[in-house]
Every structure is written in C-alpha cells, then in structure tokens.
C-alpha cells in the first residue's frame, strides 16, 4: 500500500456523533475505523475533512488533545462541504488527514501566563481546544478569563459545556455577551470589543482571540487602548486551503503559508504581512 | 468498424413533455417494441435541451443521443422547437466538423399521436448506433466502469 | 497615424471631452504594447504608443471602464468596432460613457508571424514602404509587410468603423475575404482526418483561459466553467473529453455573438487555431440562416435567438450535406 | 442528506409481468439517499397512496420516487398524495416503468434492468429537487378590448353580458370598424349596417361597457390578471358629455374640403364632423389638421352654432390608466396600399377603385347615394372588370403578400351579383387565379353569380390597365381559353389584399405578444388555442390574427370572450412553479433570454450589487415574472452564462438523470 | 568530454530510448513541446518549448487517489500513476534552474511524493544555448546559458554534440552509452549574450527593502489594470507551482486529482463567504510578489524566476515580470 502514502492522501474515518450547537453550527465526533482517536494534535491545529465527490475542507480541531477517545469539529454551515456535513447522520464515513498548522504555544509561551480568551460566534471552535487543554493542565497556567459573544443566546456554541463545566471551574471566569437583548437572557448585552473594554483586563495577560475580522479589528483596538501590546495577542485564522502542506499556494500571505506557518499568529507578526485575510 | 455482436449501446432520448414523451407513452400503450437501450429523459420542451446535456451524455458513456420534440409549428410553447432546431443543427455541424460521427446525434419530431413513429425512430437510431460502434471520440475514460 | 492618434488622445483629455483615454503603453521592446488607461495629456505624450503592433482589441475593457465615473475615450480599429457594437447590443457597455475614436487600419503586425518567417532575437522593426526592416540579435532582415501581418489581418473582413464618434483616416467598407478557406479545407477532409486534426490541436490546450478572458463575447459575469453550480465546471482538462468540451461549449456560447475578431487565436500561447471553431459556426449560420455579421449593426437579431419556420432540419447535418 | 422513499408499482400485471418489481425495489434501496424502498400492486389505489403517506411520515422522507406509469397519467395524483402527508408536491419524481418499459419489452431481465436505471435516474433527480410553491396572482375583473370593429364589439358584448366590465379602445371617433363601411354582406346579401348598428347601440348602452373612442393604447405594464394600461384619449375638441350629436356644427362649418375617410376620400366632409349617421358615440370631432380655428385662431363658427356649448378648442389629449385582468386584441385589418401595382393604373385613373371603395360607391349612404356612377365623370358604367388577388398570393411576398386574403373571392362575387341585379345592362368580368369558396353556402353563392347573374369569370391575370379616351383598356390573358383579351372597361375594381392594421406592430411590442412575419398576431397554438396569444392574458379576436370574414370574426370574437370570461371568473391564478429563475449574481443582462421568450415573461432591472472593496456596482439583470412564464426553458439555453435555470427541470437535475442513465 | 555526431542525433536518441523513456523538445502540431521520442521524431528548431520542462515533474493534471463510495462507506484505492525511469533531453539552462526552485517547494517537508517520484526517476540532459531570443534574461538571474546544469550537460557545436556528466545519474547514463566518442569542446562564444537587451536587469533590489514596501508600491494599480486574469503566464512559467485539488465523480469511481491553478484566477482564493483578493490588482500583485519577494524571503534570496522569457512572449497583453520588476524598482509604472 506504499503507493497510497502521500500527505495528500487521506484516511477513512467515522462520524460517531453529531451535536447541534446552534441553528447553523454542528459538532461532529470523529474516530478512526478502528474506533480509536485518529491522530494526536496540538490545540489550534486543523485537519482536512472530506467527502469524496463533494470536496475537502480544513477545519480546526475543537476537542482538546487531552481527549483520548476522539476528535471533535465544530462546523458552521456555509459552503459545499459544510452543507453536506450538516446533512449527514452518525455512521457516515468521511476522509481525514492532518493535523496541520503550528497550533498555539501552549507548552511554551503560554506556560505560567494569565490567559484571556476572546471569541465571537464560531470563533470559539479553535479556542475550545486550548481552553480545555489549559483546564486539564490547570496548574501550569495562571488565571483564565473567557470573553465569548454571539448574536444571540442560541448562537453560542458549546453553551452547555460552558455552563456546566467552564463556569463552575475555579480560576476560570467566563464573561458571556450577546448582541441584542432577549427575554430569557439576564447576562451582558453588547458587542465583544466594547465588553472587553468595559471589563478592563489587567494588561499582563496573554490574549488568545478568534472571531470574525471586524471583531478582531475592534477588539484589538480596545486592547491597545487598555495598554496591551500586539505581541501579547494571538489569533488564528482561516483562508481557502487545498493542500494544507504549504505547497498549493492558496493560503499564501506575504512569505507565510497560513496552513503551515499558521493558522496561529501573534499579532505583531501579522503586522509584517499584507492585509489579505 | 466491424459490427460488434455484443455491443449494447447506451442511448439517451430527450423527449419534450407535450408531444414526444406522449408519443413514447403511446408506443407503450400500443405495445410497440423498441430496444431497451433507449432511456428517455423528460424535458418540458425541445428548447430546454442544452448542448451541454448532450455532451454530458457522451462523457458519461452514451453512444447516441436523440432529441424528440413537437413537429415544427406544433410546439406547445409555439416557438421552442424552432430554437431547438437551430441549436441542434449548429451543434451537430460543429461536432461533425470536429470529426465526431454524424450518426451519433439526431433530432426527430414525434407528435403525441405518432407512437409508431417513435418506436420506429428508436429502432432505426439504435441500429445506426450499433453500426457506428461504441462512442470513442467523445468518451471520458474516467467514467468507464471497470 | 501614430502622431494623429497621440494628438487626438491628448486633445481629448485637454479639452475635457473625456477624463480617461484607453490606448496602448510602450513596452520593453517596440512590439510588446500593453493596453492602458491614461488620465492626462502628459501621460499620453510620454507613455502612449500607437504602432502596427497595437493588435489587442480594447472593446472588452469598456465593460468595466464604462461603469466608472466620467467618460473614457477609446481607440478602436475596424474589427474592434464590431465588438464594440455587439457589446452594446448586449447592454454591456454604457455608450454615453464612451467616446469612440475609430482608427483606420492597414493590418496589424504580429510577432508570431515574424517568428514564423524564421526570425529570431527580434529587437526592432520599422516600416519602409511595403516592407518591414527587422533588426535582430543576428543582423538585419527585410520582409514584405504582408508576410508579417497577423493571420487574422490577412483575411480582414471589413474596414468599416462602426458607431464611432470620430474617425482617424478614411471610413472603409466591407472587404471580400476568403476567411472561410481554412474552414472549407477542413470540411473537405474525412471525419477521421478532422478528428485527428482537432485532437492534435486541442490536446495542446493548457486551459489558461486566455482565449476566454480576451474574448469580447465571453463577457459573462461568471463563466460556466468557473461556476461549481453549472455542472460542467473544470479547471484543467483531465481527459481529452474535457479538452473538447471547453472549446465546443465556448464556441457555442459565442455563436451569433462572435464578431470574428480573432483575438482567441492571437492570444493562445499554444498556437491553437481556435478561430476556426467560431468561423465554422459563422459560416454555417450565414449559409443556413442568411448572412449575419455580429456587431455590424444594432437592429439585426442574432441567428441563435431567432428562427424562421422554414429553417432546415438538423438532418441536413446528420444525413450529410452535399451528399457527403 | 436526502431521505428518499422508492415505491415500485406492479400496476397489477401491467408492470409486474415483465418487470421484477421486487428486484427493482431491492436494487434501488442501495442507491445513495434511499432510506425506504417497497413495491405494491397499485400505488395509485387508496391503499397504495396511504402506504406512501405513511412511509413519508414514518421515515421522515424528504423525497419520493414512484416507479409506475407515465407521469402524464398520475403525476398530479401522486403530488396530491405526498402533499397530504406534509411533503412538498414537487419533491416527487416518477419513473415511467410502464409505458416506457414493461409495455415495450418482453424479456423480463432486460425490462427489469431498464426499470432499475429509470428508477435511478428519478432518484438522482429527486436528490436535487427543491420544494416549490405555486404562486397565486390576483385577477382584476375588468377586460380591455383594443379595437371597436365587429370583432371588438362582439367580444365586449359577450364579456359584458357575463357581468364583467369591459372597455373598448377605438382609434377612430366611432366604433364600427370596416363592417360599418360595407354595403351588403355575403352570402345572404343582408345590409351590413342593419346588423351592425344595433350591436353598436347595444355596446354603447350596456352599462358594463365603456367605449373610449378616438383613443390609443400608449403603454402596457403587468401581466395576466393584472395589466396596467395607459390609454391616450386624443383631444376631439368637443365635450363628449355635452354634445347631443345634432350635427348642426357639421353643416355650418365653413371648411368643406376635407377628404372623407369614411368614404375613403371619394367625397368630402367638414373640419368638424360625425363620421357617419349611426356613429357611436354620436359625438362630433374637430379635425385639427383642417380646422381654421385650431390652426389660425380665426373662425369659431361651430362654437357659435352649438347650443349645447360642447365645443372646446382648448381640449387636450387625456391619459387614462386603468387596470385589467385580460386584454383582447381586435385591431382588425386594412387593405394594402396599391402603389406597387402601377400596372392596374390605380393612381392614374379614379375609375380604378379598390373593393372597399366600391362598397362605398354602392352604398345608399355613400358618396353617390347608392347609385353606381363612375368617379371620374359621374356616368353610368357599362363594363366593369374585377381583378382578384391584387397583392395576395404573391410569390416571394416582395410586392404583395404571400398569403390568401380569404374574403376577396366572396365579396367580389357579391359585388358582381349586386351590379348585375341593379344594372342588368352591364357586363361584368372577374379575373381570378382560383375561386375559393369554402364556407357555408359560399360555393352556391358564387355559382349563382356565374349561372344566374351571368358574371363572366375568366381564369387569368390582368396584365395591364391603361386609361385611354375615357375608357380603361384592360389587357388580360384567358388561361382556359388560351387567348389574350382586351376589354374596354368603364371601371376596374381591384380586390386588394388585406393586411393587419398598422397599429398592430407597435401594439404587439407593448403587449409582448408575438406576431408572424406578416404582422398577424400569433396564436398560442394553431389548432388548440386559436384565440389566445402565447402571452398569457392576451386574447385575439378577428382579423388581427389572420384574414377572416364576418361570421368567422364573430365566432372568434365570442370564443375570445369565452376565454376572457373563463379567466375573469377566477379570483386568482395559480402559476406553475416550474418557471425559469435567473441567478442575478451571474446574469449579464445581455437580453438573450428575453429575445427567445415567447411570453414576454422576462424584463430587466438595474440593480445594485456589492463589488470588490466595499464598492457598489449597478448591473442590469433579468427578472422572470413567474405568473407569465410557462416554463419552456428556451431562455435557459439562450443564456450564455447559465444564470437562467428552470425550476423543476434544472441543469443539474437533468445532468443527474443523464449521469444515472449512462452510468 | 563525450561526443556524438549531431547529424546522427537520431541514433543517440534511439540508444537512450532503448533503456528508458526519452523526452525531447519537438514540434507537436506546430508547437514546440517536450515529446516522448519515437523513431523519426526530431528536435524542434525553436530555442525552447512553449510549455516549460516542469510538466514532466509536475504535470498539469495528475490523479492522486481514487475512492469508491457505497452507502455511507468510503473505500480508498490507489490512483497514482506508476513512474518509470525517463530521460529529458534538451533542457535549457533556465528550465534546469527552475527544477531547483520547484524542489525547494515540493521536496521540503512534507515531501510531495508525486513530484519526488518523478524527480528521482528522471535524468536531465541539458543543452547549452548559443542563439538566444531577445526575451531571454537568464543571465540577469545568475544563470549561464552556456553552462547549463543537470545530470548531463550538452553542447551542440559545429557538427558535434558534447556531453558531460555532472552527477552519478548522469554518469550512469553516459556509461550506458558505449557508442559515445571522446573529444575536446571548443571555446564557446558569449558575445551574443552581451548584446541581449534585458541582460542588465537587477533583481537584487528585492531583498533590500521590507516586504511591505514592495507590497504597498504605487505601481500595482497601473501594472495590473489591463491584466485579463488568464493563466497563460502561470501555465507557461517553469517555476509556477500552485495547484488545486478536486474530485471527479465518474460514477463508479471518484477520482481525486490535482491540476495546475493560477493565483491570477478570480476563484483562486474564493471561499463561501468571499475572497481575500477581490480584484485583479491583488491577484496580479500576489503572483509577482511571490516570485520577486516572498519566495526569495523563504529560500535564501532565490528569485522565483529563471529568465526564460516565456511570459514575455505569451502574455496576451504583453505584461510580464520584466516590466513589473523594472516598475517596482523605479517606483513608477
């Protein structure tokens, strides 16, 4: 079977469980055909999921590396492959290859730091892996703050996990916000960037941020106002990718390939790159 | 090309809903036989037939493609088959120009009353295709079933 | 001609008739001119060029340019004006935003034609009478201008400048042209020979889309070959079928709209005579449905969007024409 | 992913005898997306339908494929079936394994194989089916009839009788049309005015009918059920509500030299006039081209004599916009101009007249009071020559028309007969190519002309008519006698071809109703829908669709009315949802689709789109009116960018079927 | 140095082709291209091929893997073509340099095994240039067209072909051809190369300023304004290596293949929610920035261009890397 060995050639995996998070986000649990976790990864890394004939797309792995049993992907319905994924039922096979990308520096730069996670909408997906990793190795990091916002309560991804686990954990503070008031919501209402400013975090924290480009832009401005430096802020981003190996040229921005040199960037590094994301 | 005894051509017949599809129904009602190689696809009018569909059929393994519609002047939509006629004439001419065998494509006007003509047309067309042999010039090797 | 074009361009900008001029810019060599937009008379005087190598048809640029603020002046050769009119017929160009200057033309010279004459390392060329004196890295050569003409210019169909606001040079008329000679030669071959001919030509295709992107008739917002929803999208020919498919569909989509400007064959990096496909359809339409020249006027209905009850049946093809 | 149910019908033994239905059901169960597959004796039976409905609910089906008889048979049935189970009726596809399979194949193996493939194609298609909803569009319960001749009048009367308001737009100051100018009618020889004018009066008195005379359609918007039509009512400088039609003004008007169009210019009228005695509305009108007051401001006689004070020199054209559910075109015909037929000396001698002019010369209300006199010298003509087919049945159609004008043979026989009856001392010659007399009592009528009245019918062509010494020298050939004839005639009457009224062409453009090459309106189907235009909501009445005599015209007028009534009784129209739909993001606005649409369903709008870098681009894009589109798909192929697709028969659906069949 | 009579080139080809496949630049339907040698096929008279030699290592379309799908199950099946040993003869110095550039992408971790396979099976026989075209500028990129690299370097001088092995592979090939003669290669004449109009292009400047300076240059607007967005420059370029991966559902088998792609295409970076390079300017800039700045930044200053001049000859509107490089350097277009 050596003829099948190339990083472009995927393995077959099985979707064992599908959870509906929000009206347009589902979380897929994936294992290998042997029933085991198909690959090891670093928080922030991605993998290529595909259905032959439909297409292949890159998704961040949202489960924590500390989960020994399976991988999870939280996927928003927005294109060809994601539409297909949203239509399948458990028991469906898919193909999988990866992991790809650099991941967050959880075992280096983050160690011992107070961490501030800021996410908007589906932007929580890549951060969930880091947050759960940090929670698992709680002793190695300082305080953890999580600011998470979405359009409405229904659009909050992993709401159950947030309420049941994150909110109850010592040393973890969760700040939830939604864009507009709604009857069954007694939490904060407002956009993430403003909320971050209101919360006036201590500038010693290391920030990990993911969300839509506008959110990133305004939150960053807010953080700088508070006195944060760009080299304290990490983000992860998504571009069209095909090979995920740094060769096909699609995710090339400046002299970086997002699939290989990213998807995690420190914002001071990003300042050296063209604004083509 | 020698006639291959075992060659079972795939033939796609696009039939307009109002005349030719009904004509095909009638040939069924009258139990008029024609080869099972012919598979009918219903389209509202002959003018719905995009040249791309014909090429697609050849790509996917068809050996012959025939379009059947209302007789000129009898189109349910008054003018559809006139457009279809021009389009098919030019497409067939272009295919011929590119060296694709002329007999692989055909247009035939079959009314709802012409069950017998439908069957006869399909018999004749199938025979023509069998004589021509398998479609090689417009095939896509990736679509061949191994 | 060169001077009159440049003067006109500068004058149009200076007088405020237009705010931009679409013309050609000088290159590294004398022949590698690039279509360019100029916004001042100064730019025109320093950078603009008009010479026998200004082959590119500028009409298609007007689709985008005429959507912008202000009026743009454009220099069009007779063959370009057919595309200009055809695009207007298809509502693709806002005529009131364009000041069209027709430039009469004696045929454009083509590097491919020069190379076909065996010239290598061409560094300069000048017209002297009916001849072209070509300087190369290996010395000077004189060739008849006629032989250096672009292939399409050798069978020029018309010197008529359609729908121009102004004309430089004389207004011309339609020319007798044997542009269908090659089509007829192909028609005279056996189907097997034709198949072999097109296979060897089309198998050269690298699907760079230059023919499509330069074609004034291929002005679709999104080409079916780029549209995943079309069912025929493909990027490269993975099979000989797809090589055929792309060119058949393209020829068909521009049937009745193709003005035979010849840009497709001019730009093909692989030297495929793509115009022979379009010309075949033009010839057929002329023969079967009456003479029609796309872009010659504003009123006539393209043959593919018209019919007469007396049109011939498709069987004239499938049964063979002329008893073939 | 789709959840598709497959139902294979035995149709008793009709299918099951040659197709192994169980095997078909089993094989199709393996197809992607199929979650349920079964077979049953009669799917169309109550039990079969319930089976389908239960399966839809139990298996949460998102698509249904029924392998059974032709969709032309039971598609509607099964659509209702699935709809009752809560599934959109358009998520159903039928594989025709009876007419197209079991009934034409004898070998069970072959037939079964084919049935599987047909089933596969239906499954492949249904995978891509989208739920479609039939739209409803309201119907304005008012009709517009364009043209107030006998066709328009009859249509309007019938519609009005059924209780619907109807407007007649007539371009002339009075309704009545050509029939009002005719003397007698064939084959009964009863007086045209006697049968027409009562109808004109009926129309004017019917409270459901509004006659808008001296008016023209200016603009048409909308579509079947809800047209909005703007009508230009031309200034007649007489207040219609005040004028009593006493006619005093028309006697006093000093401008006497105005050619009288009602008599085809054979006599004169005044600048203020009532076209004829029985005109409806009987209201005077001022001809602005001749009225001295309107031209130079000097005169005002009519205003002075009018006791009702109806004259209004300041009157302006008036634009009326009204809503209609249906439009009937009844624009009729006119004789062709004869300037290309110089050989008959029409322009050289006043004694060469057209048949319509001849009608006026014979008419008691005509310029001669019904006495046949030569226009040149008022003398009694003794020798009259009729020339048939002037401009009809012309080869190539360059000089005249290629078609037969249909009515000339009969009216010429009528004319010949009338002359011979009134003036037995005359000799009447008729030169013809063929005499065509299909119609009830028509041939008998013609034979009477020949046999009883002694009209000389000569098969042959008139070559030349030369006015000479007060006579008309007619050179002709007698084909049957094989000789050349020279006749010294006193009058020559030309049976001029008839053609559609000149206003028809621009009107057709406004209505987006198609016309043939002769400018006759095209019918939706030449046999089965002869009084409808292909454009929904546009109906055809009378000679605007093709040459017709009066009985035929009236028959068609009533037929058109019946169609209109059938439309207006509905409160709303259900449109088939299988209509064309453009993808605006891909549309080039090139108008290719519009040019091939037989229904005028496509229009264009300029629409803003998001361009790159937060710019806005205004682009012209096609819009399809689903109420008008009939779903033929011509536009989808004309569209080069593939922006236009047909719902229910989309490109992808058809290609999926192709793929499944060729697999 | 080994020698062979130029007049008997055909028999040299036959000797090579006896053991493995041989590709030579020959005219195919009027277009010079690397073509599988069969008896009777002769070398093109053209200086170089229309498409570059990269095709032989990175073909325009290449099947990667096949899938069979039944119900919810997926089966992965081999789909790659077996590669045999082959020889390319007549590769010019510029194209030969392009292999280094392609290697730096495809052979860097993770190695592209499809490309690597072909590279390892190939023996490259280069051919020195003596009659350049006016569009040639390989000398500006530090390439000596008269001393091409490759496994075997060849010179056609007077009536003799001189061959010199540079690698073990080349050595092996030459020693498999015992018929070769021996001779001394005469001095090459470089004078024509000094007359090349584009010999003085300066590509060193691109390493001298930060990436963003070049990116933000004002020249991009006017340089890109008439770009048609076609892929002809990309596809004839020996160093362009962007590709797309797509599936073709042929019914029974779904084939996953890769094919050349162009960053000039509007859909190159198109995603469901839009593209990050919305106009041709950005796409145009990407291509040239990649060649002149990004690639050198990542690969020790190696410019992503070999000066073959194909884009100068093939661009429908005569826009090319020379014009871009000059305009960028001067800061005005």
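By written order: A, B, C, D and E. Residues from 1 in each chain.
We adopt the following convention: a residue touches a chain if its C-beta (ideal position, glycine included) is under 8 Å from a C-beta of that chain, and two chains touch if they have at least 3 such contacts.
Since we're looking at a predicted model, the values are computed, not measured.
Among the remaining chains, those touching chain A and also chain D are E.
Each chain gets a centre from the mean of its Cα atoms; the one farthest from the centre of chain E is D.
Contact count check for C-E and D-E (C-beta pairs in contact): higher for C-E.
Using the mean of the Cα atoms as each chain's centre, the chain most removed from chain A is D.
In terms of their C-alpha centroids, the spacing between chain C and chain D amounts to 44 Å. Centres computed as Cα averages put chain A at a distance of 39 Å from chain E. Separating the CA-averaged centres of chain A and chain C is a span of 51 Å.
Counting only residues that touch two or more partner chains, chain D has 596, 638, 651, 655, 659, 662-663.
Contact of a single residue of chain E with at least two other chains is seen at positions 69, 244, 248, 251-252, 255, 261.
For chain B, residues that reach two or more other chains under the stated contact definition are 51-52, 56, 60-61, 73, 79, 83, 87, 140, 142-143, 145. Looking at which chains touch one another, you get A-D, A-E, B-C, B-D, B-E, C-D, C-E, D-E.
Of all the residues in chain E, the ones that touch chain B in their complex are 248, 250-253, 255.
Residues 10, 12, 17, 21-22, 24-29, 31-34, 36, 39-45, 47-53, 56-57, 60-62, 73-74, 76-80, 83, 87, 119, 143, 145 of chain B are the ones touching chain D in the complex.
Here chain D touches chain A in the complex through residues 1-2, going by the rule given at the top.
The touching residues of chain D, when paired with chain E in their complex, are 30, 32, 612-613, 659, 662-663.
If you check the complex, the residues on chain A that touch chain E are 1, 3-12, 51-56, 78-80, 82, 88, 91-95, 239-240, 242-243, 245-250, 252-255, 272-274, 276-277.
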